[in-house]
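Before anything else, here is the set of structures, which you'll find just below.
Both of the next two complexes hold chain A, though its partner changes from chain B to chain C.
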Partner chain A sequence: MKAVGARLPRYDGIAHVTGRTKYVADQSAQGMLACKGLRSPHHSARIVSIDTSKAEAHPGVFAVATYKDMPKNTVGHLEALGVPADEPYLAEHEVRFKGQLIGGVAAIDEATALEALDLIDVKYEVREPFLDIRKAFDPGQPQMTEKGNVFFYDPYDHRKVTKGDVDAAFEKADVIVKGSYRPSAIEQAPIEPQGCLVVPESDGRLTVYTCTQAMYFTMGVLAEHLQRTPGSIKLVGGTVGGGFGGKVDSATEPLAAILALKARRPVRWIFTREEEMLCGSVRASWHVEMADALTKDGWILGRKVLTLHDAGAYTRFSSYGATKHSFHLAGAYTVPALRTRAYVVWSNHVPTTAMRGFGVTSASFAIELQMTRNADVLGIDPWEFRLKNANRPGDLMPTRKVLEDPSTIDTIRACAEAVGHPLSATYRDMKNDERSGEWLPPHLVDQAAHAKLGDPQEAAR
Partner chain B sequence: MKHRGRGLAAIEYPTGMNQGGDPSQAWVKIKPDGRVDVFAGTVDLGQGSKTVHTQIVADTLGVPYESVNMDVSNTDSSPLCTGTFASRGTFIGGLAVLKAAKKAKEKMLEVAGQAMEIDPADLDVEDGMVYVKGSPDKKMSVGEVSAAATWGFGELITGTGVHLKAYSMPDPDTGVCDPDHAISYAACVVDVEVDDETGVVTVLSMVQAYDVGHAINPTLVEGQIEGGAMMGLGLGLLEQSYPHYPSTEGRGNEFGAYLMPGLPDFPEITSVIVENPSADGPFGAKAIGEMANNAQGPAICSAIHDAVGVWVPQQPATPERVLRALQAKAAGSDAPRRDGKTVIFDEDISVMTMADESSPLRDVLGV
Partner chain C sequence: MHLVVNGLGHEIRADGLTSLLRVLREELFILSPKAGCEQGGCGACTVLIDGQPRRSCLTPLAALEGAEVTTVEGLSDGVDLAPIQQAFYDTYASQCGFCSPGMMMAATALLAHTPDASRDQISEALEGHICRCTGYVKILDAVESVAKAGAA
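Showing the complex of A and B:
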């Protein structure tokens, strides 16, 4: 019997639904301490001083940590890909978001740790927050960094995609439609909050029980913070109570580890639901403006896009997300001329991170509402407008990648059949194959010729 | 009064970490009794990657699904996996275990050839039995082969596999690069009911078709489609971390203070699996994970327009936003501005209204 293609039950499904699966919060170790984190009450402030002396003297407290205890406090998740590290794991001289982690306490139990947090004295100089990303370049707005409010993609301050002759497309268009789209930030909201248990072993290694979505990734980030070799850390996990991108961030491991090393005891830190929701990273808010150059019979000749990605206080994966977004701004359609500019804007919102559909969810929202509007303005059936402009084998993506097996046509027609949407004969009979005849209009001849060259680098020239 | 409307969205989504450079490794070994251990680093988030990988290994080795153990529990025994994100588990993690299983199968046939005194090229495996092609009666069980390897020939039947696509740097001026492994597609149709007195939008039904290349486990594919639809429903109608964005006032700090869809909000849902195989994927598969929540939001907004003639370009389409749009329509102030051949929607929220006249953002679209 073949397993592939079979409706087999989930490997670990019965353990999950009968409560027998062990998650991080089910783990414990002898002598284990509880950890709590100290967080900023302000969106933006200079830190004047941090005094932990009273907390350290509090009975039941085994260790207190601030940025001074972290061997390497600022570690970038994407430094290997050339994205500069910009986020101190524990705040040093400023806080840039409400809920930012400043330090932590390991104590005999959670109540004692919370008492100790109250004894840490932090003096702030509160500043005006920067919140509306549309005002990123406005004079008089608060500045997130010395270099301004936007991430720098060398050599530009935005990610560009430029394909075909956009100005000619807009010149030639019968109609131009422009809209602005604002998808909201949302919570990751996994049932299992962020958490870990760090156990210092007798051989000097660290065992880290974790809910990370990426064990080797977290191992690398943690090793860098602690300035240890990655192999001196063993991560135990692989089973996660819901992760949608947010558990790629190493939220709890560095603080718990540094406290465990200081106290020489196992330390467990599990976020409360309130921490998970107010301090944990969210899906970003986006602002997308899109203008389409259209012919009156329903072809898309060109598209211009302005994207503002509200990264929140630090970069994390946002530069990656806005690049991925940029590569998908044509959606499931073939747009021969494209000019897109995507800015990663820092703000005093909580840092955002990867979440299911990262970068593309916002693109899909903008594109698909714009597509319905285009069809509405032109007076064309929105199904047929989409089918007309659908990706076909041999077409080029915004990156000039040649599409081998697109399915815009097959998936739309599967839906039309399922709901009984009537299509005219032209669209009922159209095939998902390479362009020819009426499906190869003059404005797509060039891109089809580039595709034949096969080499996307070559096609770009 | 309640009005019904229908909306369509069609989307695409890339498989794998954008721009590549993200390896997954796997290791397969066979115990002396024939049971198979697979060590890989792909974290199972609840989507079922362990199940899918087990299926891939079972068929690649030619052994029953039940005889395969999947261990992703720790970084000492599992080789490297970049992580479970970017819709990379089935494709990249899947190719790693597939390649490891292929190598283990080669070794198994080599040992079986020695034991049976037959050229390994004349052997194959099915249902846990190594047999001679053309003479299926001449056979040994995988357990017998592994026992022979262990006690007879002093060998371990094992194999390792890695899948890595090299990092591709985009051209800064054009964006040209080769960033993904495959592209999946989907279309989503929603039928809604809009109450023009309360602004409440109810999704009545949802029909969705997903091209996943090849469904390795159709039940789990449907699980992703339905779970994604639930999340998409939240994006489209309910969820927002900042209810007064960009202000930070009013954030929900618990499930009771943050609106998410529950089962009563869940519409009648139909999932259609389309199979347009990827030339490079394991058994032709493409990704499904992330894209499953991308189509519902825009489909809902298009359906609201179909029902009551207003556009809600800000997600989620809360009752307040729908009512404000209906009021603007009644006042005749919702029509897009026309400037020559250009039709301009949403001017009130665009950078042309909201950014300072000196801002370079105003020049990007030029309209």
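Showing the complex of A and C:
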């Protein structure tokens, strides 16, 4: 325990301040080629044909790759959890988002690679894109797949969390407050654009310099795409120029690797800022509809939530993100009756992925706006409304987890003090204790009793 | 084309429209200036040209006849750190580190002509330098600690 609370020097600090830290774009290798990716100019189109012959013949070009070159083109990020793989790494017969990778070129330098990209002839049949997830259930919309525009993973079409008698809560309510919340997509925007350098070694192994945030995950994905053993791939990384979730998708390694194997030369591919912003996966946009059943004196009796998660064109981690979202829809407050339905919707937007607080920030955004709206409608101080409904030790979360040491009360009181928001004496002195007295109203007695029961069989049902 | 970088003269082969950033990184293997956007938007490629902070990604080689360029490699010998490097190290101003070289060069230029710069002046000098890790507070703290030493 020497490190906790101590101000220790950063192990990489001297290299950072002397400019000697080697990020992936600072790596090079003898005979290294530059890679550029061919990307879809359309949101949605059928690919009629891809002709790479002119690009292959272009002077200075060492290799051109399309889906035909990838030993296993479709690898699912969550296959281990039972989420089917749905995304071809290089587009095959259709493109589902603007910027989707179709192929790539390895050439003597970047300018030559860009010239060669212009020589690849792709014929498209452009289709009407599906871009507004609020229309996911409407008839007559463009269909993303044969199964439609909504998915979760077999056998379910959505994630639900249910606790208590929601209908009874809404019947008993003095006031029902509704709101729609739409946090938009966000690019992680690390200052270091993502990339890699793949070196085919003379012993047949591949050395992959990478900025990935997830070394073993990337190794697994790459090995699967290339149909090689992980032991034949050596990843060199751990130096990440900012990631924030945007460097977990193994976006560059498979293409650079397949080009390096074809060209038998090292290949480096670093995204441009445009690629990072326009084609790299983002934090998803969400549509959250929330209705709260309230008493006049400021108790939350129940909540209903409908969430539409814009996954973008392919699944990636969306089923997982929507699950995390669903598990947090009570927020830091106790909601004795809850019914949530979260749908993951495919659209012709860029596929979405992790970003700090994956799935949960969208829930918090909606919850906190809704909490303030609730307080405004009731004419109660929004800080005190939150404190009144705050999680307490012994409360039962919607996921059947009994809270042992929630920090809502202490956190809100500390925030109020920090910003100088006056609280009435009742709330200023509020303790983070188990419910009793005025803080154990009749509608919370049941959940308190249930929490103490702690029956795992009950939780499983 | 003759170019002086960190006190050493180089004969550069690249053509005149090549950016200084590419010349530094690809011809001279001076790697501290970073290509964050190559559009002049992030500040990670900032170097000193005749003492002034400049975006090397937007500076063509042809504009540098007779100029002296300084990068982080020229701030110190890497063993005994310059005050701005020591401050970035001590105050944890460098997290992922990618924006740090540009930040330190902009701060160096500021402190050269305003050794006792105020926090507001430091903020102004670092405008246009994007950091996605730190939230900037530690960076301002680092530069301010050098400025306070300069004022003392």
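Operating definition for what follows: the second predicted complex is superposed on the first by the 445 of 461 C-alpha atoms of A that agree within 3 Å, B and C clash if a C-alpha of one lies under 4 Å from a C-alpha of the other, contacts with A are read in each partner's own complex, and residues count from 1 in each chain.
As a convention for this text, a residue touches a chain if its C-beta (ideal position, glycine included) is under 8 Å from a C-beta of that chain, and two chains touch if they have at least 3 such contacts.
Everything quoted here is computed from the prediction, not taken from an experiment.
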item: Contacts of A:P193 with chain B and chain C, given as first, second, both or neither; value: second
item: Partner, of chain C and chain B, that touches more residues belonging to chain A; value: B
item: Chain B versus chain C as contact partner of A:F365, first or second or both or neither; value: first
item: Partner chain in contact with A:K98 - chain B first, chain C second, else both or neither; value: first
item: First, second, both or neither for A:R435, with chain B first and chain C second; value: neither
item: A:H42 touches, of chain B and chain C: first, second, both or neither?; value: neither
item: First (chain B), second (chain C), both or neither touched by A:G242; value: both
item: Contacts of A:R392 with chain B and chain C, given as first, second, both or neither; value: neither
item: Which of chain B and chain C A:R273 touches, first, second, both or neither; value: both
item: Chain B versus chain C as contact partner of A:R265, first or second or both or neither; value: neither
item: Residues on chain A lying within both footprints (that of chain B and that of chain C); value: 9-10, 12, 16, 189, 240-242, 244, 273
item: In the complex with chain A, residue positions of chain C that touch it; value: 31-32, 34-39, 41-42, 44, 71-73, 76, 78, 81, 85-86, 88-89, 92, 94, 96-101, 104, 130-133
item: Residues on chain A engaged by chain C in the complex (per definition of touch); value: 9-10, 12-23, 25-26, 188-193, 240-242, 244, 270, 272-273
